[in-house]
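Chain IDs A, B, C, D, E, F, G and H follow the sequence of writing; residue 1 opens each chain.
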């Protein structure tokens, strides 16, 4: 470890104090090996890296995936197009792609999916966003329970699933149009609900603003919201919450 | 009737055709006695006149109320302040005021309240707007069923009232914050739902925009929406719908 | 009926009270046979089911339509593309499609169109939305009177139609650009007006926001508004209002 | 005249060419006496000066009015408070104030009000803005015809005034809430209509945005719009249009 | 004339008063021959009819143009595509199209272009909108002076044209991006300025909102604004203003 | 328990099956004793009830507090004014109020604050919102670590606290103006971050919209957002997350 | 210096390498004495500290000012109220306050104001914001040239000042309403222009949004914009630019 | 020089004073040879001309480039498409194009790039905008240091570059999504930071509005902002600032 090396050299006189100070100041921050950042990086590396594929050129993406493949790092690519997948597949064989969630991944480490995250959607058109959330959470080690098409316009569908939903450590509620699902769920169960507005709808839905505002203004307690269509973000934080339970023995 | 008079005078030669044409062109439209407009005025007069009090000076208001009082016309004043009420009361004794709904009225005709309009609110803070709707509908002859504080954050409260709500000819659903109530009700009953967004809330409620958008984007069928805090508008159209049933024998 | 079966088994001792409680709690809500929900479902089934086709995959849509066709349920599909229609037609012969309103339907029950809904548009470009409303109302059993291209920029066109419009139980007023039509109609007739803003226009029309705001702020009484371009929603609630008259004997 | 003086001095050798160039470059632009700007200033001075009083301190305002009073210039102050008026009145006796329009003026030149501008309002709450327009146009020499409270929710009121409105050279149409008045007027008469949205209304009126958008999107030809509540601006441009007629012999 | 015919028949006893009243009430408004509307129609017919082509089907457009061609009415089509032009040309030979302004017209009446409208643009990208304004004004009989690319970022270009601009009866100022041109012009000349915001720009231009707001908030007097990119609307009202001068002898 | 009673009566023949079905259908939903809802209520009761005081009348609030006091339920009132506190205090002695967070509470049950929630603010003006979050989390049983005034404009302040922040189970990051704090924290620690935008700022902060958007768009993983100034909502969900750890033994 | 102390102790064996690593990791970042941050702090201290007074309690403010007074640090307080000034003055005698700019300052170091910043405003109502900019720039050592009330509605006023404006190293252009001033200035001079939109105006000015958008969309090159009414921000960055010149010898 | 010629002719009597005045008034402003404008034009010519290519036709662009090529003027074209480049290349051989920044240029003058501008981006998707800034600054004579992909979600990347960034005369910080980078940089270095929001992101990024608002609301001192995606504008003003240092000797 570099920081230790410097101190050792100072100790044995190979490095003057003056030069040590200079070196320390010029070193890139992460190379100082501070626990806080390193620990963080280690944790994230354990789970793998994340790449937003949308808007990246093929060459750029191929280079990134090759780099990680060579270093045995798992990678989760989000918002990937089929074309991007096909370009990368020519170079890296075992890359996988899911049409629905547009997730492109390279996962070689084996592990168990633990805990329990319930993912609910208002309609069937919200499923692609829900799947991005689900597959993100699964990629990082969570078990996921899918409960789709239980929107509030037919409240009985949702009521019949309350017990299942309640059993999760964390709930992701995905809804477009009026976006009322997360609020109704949060009123029925006492677990954290991560709300995902989708851009499903037309006219005054304003590409998801309507659903977003509904969720931010919910009267029910226990809701927090992510960006419109941000299934990945919801899956990531739900996994963090779920892992707190998985990894804990009560403190 | 004036139009007939003109024709009669033409017939008996008291008025030349040239002059008749001129007269007809100059007459104010409503004096032509077209059934469509007259009928409408009669219908409205039957119910009484409506005055938006907010923003009107005391003198202006007193004149209006005196004019109607002298002509035995019932008057419904909306968004009236207590000060306005007190000024008018000094002149016109039997004027009535309701603090909650801010309705100021002068009603001397007696009648029966018929049919059935259910008015629901999400919370207790939505009640002033709901009362404006209720008292408007009552003023124009409807029977009103009040079902307050049944917001979707505690869905069981609403579920226990579904039968009562279903029995109405028309439902007014009043909600602020996330505004999900009308959509959930419309998913449970098959009657027209008039949705009233309120400005109750803070932050991203944006003085009622959040609730308005929720209602406009509802996935449930059978909802139409009025302006933010417009209890009067909802009460008026709900009364129109209810009167269709009251006055009808099936066509 | 399931709920009764349980009670019978309790009565004859085939089911312990403890197990009965457990069973009741686990049963999906709608299977409890509560009148309110069942009644609602029956009513809706009587009219047929509604599917928003936009954004649904061909396979998904074909499955839905096959399911309903096999169960002899009438189906109304909205915002369908010609491609969707052609895919479904290959499987289900008697499905019908209307280019203008983009309505795709399967209707085998025969019935009479009753009552009277007047549908007015400001311009000719608003007709597709108006037709969605008209054909929705007709699908559910209403008689529709079409009065198109009577915008307020040439007020005489509208004035000559006031009698016809007044004769309806409910009016749907469809308008883009400035969206003033519903307010002017509501000022002339005393029937509920369902206002539909369209996205017809450019610049500060903001895809229908201008027309929407005009309608929400109308000075005339008796207007309620649906989402931008939501002809279906207007047709559905107008039909509910019209059916109140058709089915009623005055209460 | 200064420019001529410089040239004369150059001619008689009192000023070297080098110095003349330097002088010309340093002179404030308006002192160069360019016809375009000077003419403009003269024209404006003929009509008097305009001061937006809102937001100006008493001392500042008093100084301005004193300066103009001493130079015999007519002054029109807009959006003045009663307090501002009272402070100025102590110094300058013949200053006048109108409570309704909040116009504060000092007018000593005498003249005839010519031509014809019709000013219409939708409701009685729009009158203060209309009066600002009317008194501005009168200040600058136009004759004004006031036609108030003829909003489109009761279209017969407007229809009975069409002939009077048509006779004007230019129409100012002032409306809040839905703001449909200018479009309906422009559909009936063939004169330029200056539309003034007011902030009268609540909820989705958004302090006049609703009326503004209606006016900008009007389907009728012959409308142009000024800022929300900008009666002054409408009165000014309407006067310019009216003066074109007053001053012209046809070109 | 029909109104007279009815009166004549009443006079000679061919029509009972009762039937006459009935007939008058059922007649379309414009057939009553009220001077106000007829005059308006005549005036507009004199100038020709206007059609917004955008969003209209080829068949619909061809029918409209054929109808007018057969009745010898001049027609101005705005926002027409080249495809629309080519379809119509196959049927009606002497229809003309301008690529830049997207104006499609059929003009057989001959007339003189009189008066003077100055049309200025901020940049070269604003020219299509300016041409729509120019050709509209010319179609209706105005003489137009084009002064393009004189935006305020290089103020000297504008300053050198002030005299020419001042000589017009009315000025149309067209600008995108920051939209400051109309305000600067109105500060320099004392004629009505019709401001046209264009959607030229990117980012926070928000498709013309930035320019629109600049124009509505201008500190200079004598500006009124039309919808974003609405060259037609500006050309129409500017022509109305210009014709006031052309047709007048001072009143 | 009622449901059991009904079943018992059915069993012993005291209640016919027909009547039992009827009774079950009419019973308010929550009285059916469904585990899901009851459990939820019990859990919430365990923690106490929550009242939004803002906008509630004194009488209304006093009644609510008296009711809970008599039933030995802990109560948390949010957004309470000092006046509201003083009114209630006259009736219920041991009610407590905190000026900064505007929290009004009645807490008689004793318990231990466990786990660890870190609450960070960008500036000192964000502290009232942070305190609402902190005291809410403490009310429901969490231990809270306050780390205030560590905004990103002086990043070294935040860096020196990373270890402390990392040690929490959940982080609440509160920030106004540009709202960048949550994103920077989420980039440094691998725990769920609940972001609270505040309305602190001026101009384009738009009362918190700027901060809200920043948080919703954060590039860092592991953030979810609540309504502007909604400290209570953040404290509630953070407590839910923290309790998951406290109550768990790893599953 | 601490970092050196640690290294020295390592060298002489007073501190084990293991403990040194631990210590380094726990030390607050700024105590590591990295040149980049320290240098920055020193530079800023040289100029003095800045406090946003708005929204801070009197006690809080007094403590801050006392702390700086005791440490001989100059302080610039922005958006201070007169009440805040008076409270502080009781404790710290030589604190100064300016009513117009609402700047509250404590400056005991003496220095020369160097370089040249020109500050222009469109109107007289923009002066308070301009003064905040001017006095900020002066506080940090710049010489300021004030050129007020030169808005583009009377372009000749601005033209006569071009030479003076051109002579500055940096220009601050402050404008409300339409906000066109910065663009016109940037078109005339080749120095960086810092544009400050103000909230001066009404209606569609939307509290400064109109001016902000105008400035962001300017066609002229060499403009950058700060928050609405943010005179301080403009003064600060203009001073940074001016000091680059003052401190430089050309590189 | 023309102005001098006129004066000379006046002096020697070849031009009457009357005619000289007339000539001076009619001359285009820039031909008066005022130092301020001429100097400005000269300065700009020295650097070359700038053309916004987007939205310009090929013919129009070719003419412009030919004109400048024949006059030996350097030209910088922004937002050019590859197609535009290829059309121009056929006519003017040595024109150059950069795919990433979409800059099309013609530069024949040779010069040294001096001073130092640091350009930072939050992510790799912001690079096209950053390159537009970089190549603009280089075109006008500045030396540029590129520091890409140092977004705040991984703050250690940025921290390791602080010394390099601090060494520049001016910093351009380019960021999309949450847009926090400029604020964090301004908190660490004491040089002017020009912030460029990009439209990189989705959902509530609203095509760059989120990043724009973040930058305008930054708590850090020393930031000014340009339009969304306006790399050119940032490069231009940063070059102006940098040239102040390059050209100065301290004043």
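We take it that contacts are C-beta pairs under 8 Å (C-beta built on N, C-alpha and C of every residue); 3 or more make two chains touch, one makes a residue touch a chain.
Computed from a predicted structure; not experimentally measured.
Among the remaining chains, those touching chain B and also chain F are A, C.
A count of contacting C-beta pairs for A-H and for C-D identifies C-D as the more extensively joined pair.
Distances between chain centres, each the mean of the C-alpha atoms, put A farthest from chain D. One of C-D, A-B or B-F repeats the interface of B-D: more than half of the contact pairs, counted by residue number, are shared by B-F.
Between chain C and chain F, the centres computed from C-alpha atoms are 40 Å apart. Per-chain Cα centroids separate chain B from chain C by 24 Å. A straight line joining the Cα centres of chain F and chain H is 50 Å long. Residues of chain H in contact with two or more other chains: 34-37, 159, 163, 188, 203-205, 209, 212, 216-217, 221, 227-228. Pairs of chains meeting the touch criterion are A-B, A-C, A-F, A-G, A-H, B-C, B-D, B-E, B-F, C-D, C-E, C-F, D-E, D-G, D-H, E-G, E-H, F-G, F-H, G-H.
Those residues of chain C whose C-beta lies close enough to touch chain B in the complex are 34-37, 39-40, 43-44, 50, 114-116, 162-163, 166, 169-170, 188-195, 212, 216-217, 221-228, 232-234, 236-237, 240-241, 244-251. Across the complex, chain G meets chain F through its residues 25-31, 37, 54-56, 60, 197, 199, 207-209, 212, 227-230. Taken together, the chain F residues at the contact with chain H in this complex read 122-123, 151-155, 159, 177-180, 183-184, 186-188, 201, 203-206, 209-211, 213-221. Contact residues of chain G toward chain D in the complex are 124-125, 156-157, 159-160, 163, 200, 202-205. Residues of chain F that touch chain C in their complex: 3-4, 7-8, 10-11, 13, 17, 20-21, 24-25, 32-36.
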